[in-house]
Amino acid sequence: ASADAGPPAPLGLGSEASPAEIDGWDIDVRPDGQGLPEGSGTVVEGERVYEVHCMRCHGIFGTDPGWDVLAGGRGTLATDEPVLTVGSFWPHATTLFDYTRRAMPFDNPQSLTVDELYAVTAYVLHLNDILPRDAELDAESLPEVEMPNADGFIPDPRPDVEPQAEPPAEPAPRVR
Amino acid sequence: ASADAGPPAPLGLGSEASPAEIDGWDIDVRPDGQGLPEGSGTVVEGERVYEVHCMRCHGIFGTDPGWDVLAGGRGTLATDEPVLTVGSFWPHATTLFDYTRRAMPFDNPQSLTVDELYAVTAYVLHLNDILPRDAELDAESLPEVEMPNADGFIPDPRPDVEPQAEPPAEPAPRVR
Amino acid sequence: AAAATAGWLAPGATLANTPPEVPDWMKRLGFPVGDRPYGRPSDHEGHVVRRVIEGLSPSNHSTASFTPLGDLHGTLTPNGLVFERHHGGVPDIPPAEHRLMVHGLVERPLTFTMEDLLRFPAVSRIHFLECAANTVTERAGPNRESVQFTHGMLSSCEWTGVPLRRVLEEAGVRSGAKWVLAEGADAAGMTRSLPLENALDDALVVYAQNGERLRPEQGYPLRLVVPGLEANLSIKWLRRLEVGDKPWMTREETSKYSDLMPDGRARQFSLLQEAKSVITHPSAGHVLEGKGFREIRGLAWSGAGRVKAVEVSTDGGRHWRQATLHEPVLPKALTRFSLPWEWRGETAWLQSRVWDETGYLQPTREQLVAVRGETSIYHYNAIQTWKVAPTGEVTNERE
Amino acid sequence: AAAATAGWLAPGATLANTPPEVPDWMKRLGFPVGDRPYGRPSDHEGHVVRRVIEGLSPSNHSTASFTPLGDLHGTLTPNGLVFERHHGGVPDIPPAEHRLMVHGLVERPLTFTMEDLLRFPAVSRIHFLECAANTVTERAGPNRESVQFTHGMLSSCEWTGVPLRRVLEEAGVRSGAKWVLAEGADAAGMTRSLPLENALDDALVVYAQNGERLRPEQGYPLRLVVPGLEANLSIKWLRRLEVGDKPWMTREETSKYSDLMPDGRARQFSLLQEAKSVITHPSAGHVLEGKGFREIRGLAWSGAGRVKAVEVSTDGGRHWRQATLHEPVLPKALTRFSLPWEWRGETAWLQSRVWDETGYLQPTREQLVAVRGETSIYHYNAIQTWKVAPTGEVTNERE
């Protein structure tokens, strides 16, 4: 695993994690769909989930300010007042499923069923004009959703500012 | 003041301490009598001070255990159960005045008058058979009191135990 | 200077306890030994607390509290004053029920109890943690009223635990592995993808902080500490590590913690906390009680390694003098700097700038904004200015 | 070893929150940010406190509380757990009314406010403080039930303040000066004579501890820290420094803190805390939960300078293995050492011994007692033994 002499012998600490144990805890989802559970949900079902579980904080159209804004903002990224939302900014639809599953509703996380998660994910994408009203999502279709800002991210180019002074000629004085 | 290049220029911090201010705070007493205030007290007066201010903690003869024992213990220092008291152990009588002035009575320190301090000092020395019943103490006589264990103290002779093993041949492994 | 402080008394103070008077507290017993089995600061230091900016967030379950840097000394942050940033509040986890699972691209998926983790060879290291959003308020110009709020999402502790590398090796990292997912056991299930390179470098799985077990709000009973990188990566209440070949693109590395540039594109995985410094004494909110000698003091740090040099200006950057660095100068740790100063009552503009061992120099605000604009949130590390008025009042202002 | 910890649960713990179950605390919000402006440890760590030995003294206004070394990690002591030894309780001093007077053999007698002292060039240093009477209970053989009570009058902090030398120089030390009297503002008026040589070496006038102002029981608002020497010299609530040509022979350097030898004579001004070490993990009171790999960890220190090497024995001193020292190894500071250990369930007798940079080796109890007898109270620094029974129970016993 490492570049040098190789890993040391295991110390024999810890206990084996069984597939069932891992399954209960492994809640993440990757852009390639790894981690997506079996199930499905439609935009229409999602509207109902959204109204019951999300609307009180994020507003009717997901555009209420205060709590995080979920929809709108397309075309604002290069302006003085960018509005970063799932539709305007997020590069992957899978992140919406992953984040909602682990963290939403804010005051009742990990409470939605898998089908509810697919549904509300579909609905928030619909609110962002990314999915049509008759769409349905599952483990296969979710990773294929094309996000408007999918190409909006670049690697870290820093350092990006040229030093405008030479360091002092003398080494720094030190005190203990 | 120091061995090397000499002290730096003052930074100009702090305020001058006036003689009166110093006088109010300078409560210590040295074996040569430096710091002893004007005043005096007798063993007989001291008995009364002791009864009112000290006896409830140190006992009728200064020998009650529990709180620090003030009297007795002569000849016990080299035994298995040494009893360290003003009489058996303390090298200087001035220490008794200094300590009583600053710290006794334990629950009401700095409450005795100068005369009371000389008196109770005389009385505790009397309890230790160091002063006769008709003795009186003042700034001149107190430093001259001869204490039984005056020669009982030696400078620190350490290290006093020979190392019985060589340090490891290899330098100690280090981790950060 | 003696004149300035002679007889100086804070509001409410009397002369009844100053020379030549014997102070009252020498004449009566104080509180007994053991009265406070676990101690707390003096009541006279009640103003030295973490503070939340009210209204910053609609819920204090997801907001920040700030370390009072202007009241601190040396380089360590007491555990009670370490800044907070939680996304779903602070969970109360019984340590006997906490588990760390390690799985994914490993030979042996494992679950560790706290007992297991305490048996690993332990290391202790002093490192700073800085929120990527620290100082964001100052990007568009002077804003907050004290260094607590401009720079207080910064702390420094001695962290004790197990090198993350050692924990991963116990499970056996398989070939093809490039990233590690770290997940917290809080209500936010806080999750980040960490490059395997950083995971195998100096990252730590930590159970103790400044000598004692982690505080609840710092991840009790277990957290990650990834030195030098944005603190959000140092996942608290750590419950799971998954080894994989690609990043997970979690909400915290896409929607958040990415840097939106003026052209509308966003920098991603910009994890490094670049070199930064700030003067803490004097700083905004302080009042100089008198002219004459005093010391200018501050903190400098770099996520890339050691601090190499710090310069201080008292005239808004026209002239610079090199500051003294206080040993030990440790990598990815706060370094205290100082400079003697004779203040004659003039208006002064205090600034500091740091070079780290890579040669990187802390930029001016103008330089940063020229490249990154004014709308991005994270990684603002520009030179800070404090104004000293002839009255002695220190404020967050620029020329 | 996996078998030993698989499914291990502390008393009272359930499996409802362990894999595959989603723990409860991920399903509800925790306590909000800023709920504790000044934080405190987890309620689950309520056993990690300073403790007094009841009955040791007739008044808890003059007694000691002990640092729980067996529950700590790394090398710093959290301020809330620093051991206490007061002789008249802890005074509550308003900092605006506190003064430090410097007089005697000086050019300019001066009084300093806290404001004045904060203006001096400041330094921060990590040093241990150890009561001269630490471990006295073990001189006549194993006695106390845990390392908290055998070695807990020991702590280590980052101290910030002004070199005592600089304060004395501000007043101007006159020729002929050889000693400095330091006096506290507590009900005991605690007072010691310090050799000028030590005063001008590395002694500090301290106002902050581990980043924040001193705790009340550590001398708030001002104390002395005299590195390497018996902690009683590090006068708390420091109010007065008098420079003189002779020692004052205070009660604390005659009646107390002198070492009575078997011949009835007493060593005086035996100020140095000689090199010492102790194993903290495992130590008496701990229970090894399973066989297999674990690490032996401890602390080593020397008042004479740096720790040079530590050796550990698991068979009562018959065989020794060199331990790893944890960086940074600072002078007159606690140094963490460790040694990997595979425990197979046998009875073990754990010991550690330290050499410091002067070549001094920590003695055995037999060596110390041969020279100093069993009745002296102070400066007991002999090798400590812990017994590990086949049940895993660790006790304070010797072979």
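Lettered A, B, C and D in written order, each chain numbered from 1.
Rule of thumb we're sticking to: a contact is a pair of C-beta atoms (placed from the backbone, for glycine too) under 8 Å apart; a residue touches a chain by one contact, two chains touch by 3 or more.
Bear in mind that the values here come from a model prediction, so they are computed numbers and not experimental data.
Q: Which other chains touch subunit A while also touching subunit D?
A: Touching subunit A as well as subunit D, we find C.
Q: Between A-C and B-C, which chain pair shares more contacting C-beta pairs?
A: A-C
Q: Can you check how far apart subunit B and subunit D are, centre to centre, with Cα atoms defining each centre and the answer in Å?
A: Computed from C-alpha means, the inter-chain centre distance equals 26 Å.
Q: Could you give the separation in Å between the centres of subunit B and subunit C, each centre being the mean of its C-alpha atoms?
A: The separation of the two C-alpha centroids amounts to 48 Å.
Q: Return the distance between the CA-based centres of subunit A and subunit B, expressed in whole Å.
A: Here the centre of subunit B sits 72 Å away from the centre of subunit A.
Q: Counting only residues that touch at least 2 other chains, which ones in subunit A make the list?
A: If we look for residues of subunit A contacting two or more partner chains, we find 11, 13-17, 21-22, 25, 106-107, 109-110, 175-176.
Q: On subunit D, where are the residues touching two or more other chains?
A: 5, 19, 26-29, 59, 61-62, 88, 101, 111, 113, 116, 119-120, 123, 187, 189, 239, 292-293, 326, 338
Q: Chain touch graph shape: choose line, ring, star, complete or other and state it.
A: other
Q: Identify every two-chain combination in which the chains touch.
A: According to the stated criterion, the contacting chain pairs are A-C, A-D, B-C, B-D, C-D.
Q: Please give the residue numbers of subunit C that touch subunit D in the complex, ascending.
A: Touching subunit D: residues 5, 8-10, 12-14, 17-19, 23, 25-45, 48-52, 59-65, 71-82, 84-86, 88-97, 99, 101, 111, 113, 115-116, 119-124, 158-160, 185-187, 189, 207-208, 210-217, 220-221, 237, 239, 289-290, 292-295, 297, 326, 328, 330, 336, 338, 340 of subunit C.
Q: Where on subunit A does subunit C make contact in their complex?
A: 1-2, 7-8, 10-11, 13-17, 21-22, 25-32, 34, 66-67, 77-78, 80-82, 84, 86, 89-92, 94-95, 98-99, 102-103, 106-107, 109-110, 152-165, 167-168, 170-176
Q: If you look only at subunit D, which of its residues touch subunit B in the complex?
A: Contacts found on subunit D: 58-59, 61-62, 87-88, 101-103, 108-113, 116-117, 119-120, 165-166, 168-175, 177, 181, 183, 187-189, 191, 200, 239-240, 242, 244, 246, 248-251, 254-255, 258, 260, 262-272, 274, 308-311, 320, 322-327, 329, 338, 353, 355, 359-361, 363-364, 367-368, 371-372, 374-375, 379.
Q: Quick check on the complex: what are the subunit C residues that touch subunit B?
A: Per the touch definition, subunit C meets subunit B at residues 1-2, 5-7, 19-22, 26-29, 121, 123, 125, 292-293.
Q: What part of subunit B is in contact with subunit C in the complex they form?
A: Per the stated touch rule, the residues are 11-17, 20-25, 106-111, 175-176.
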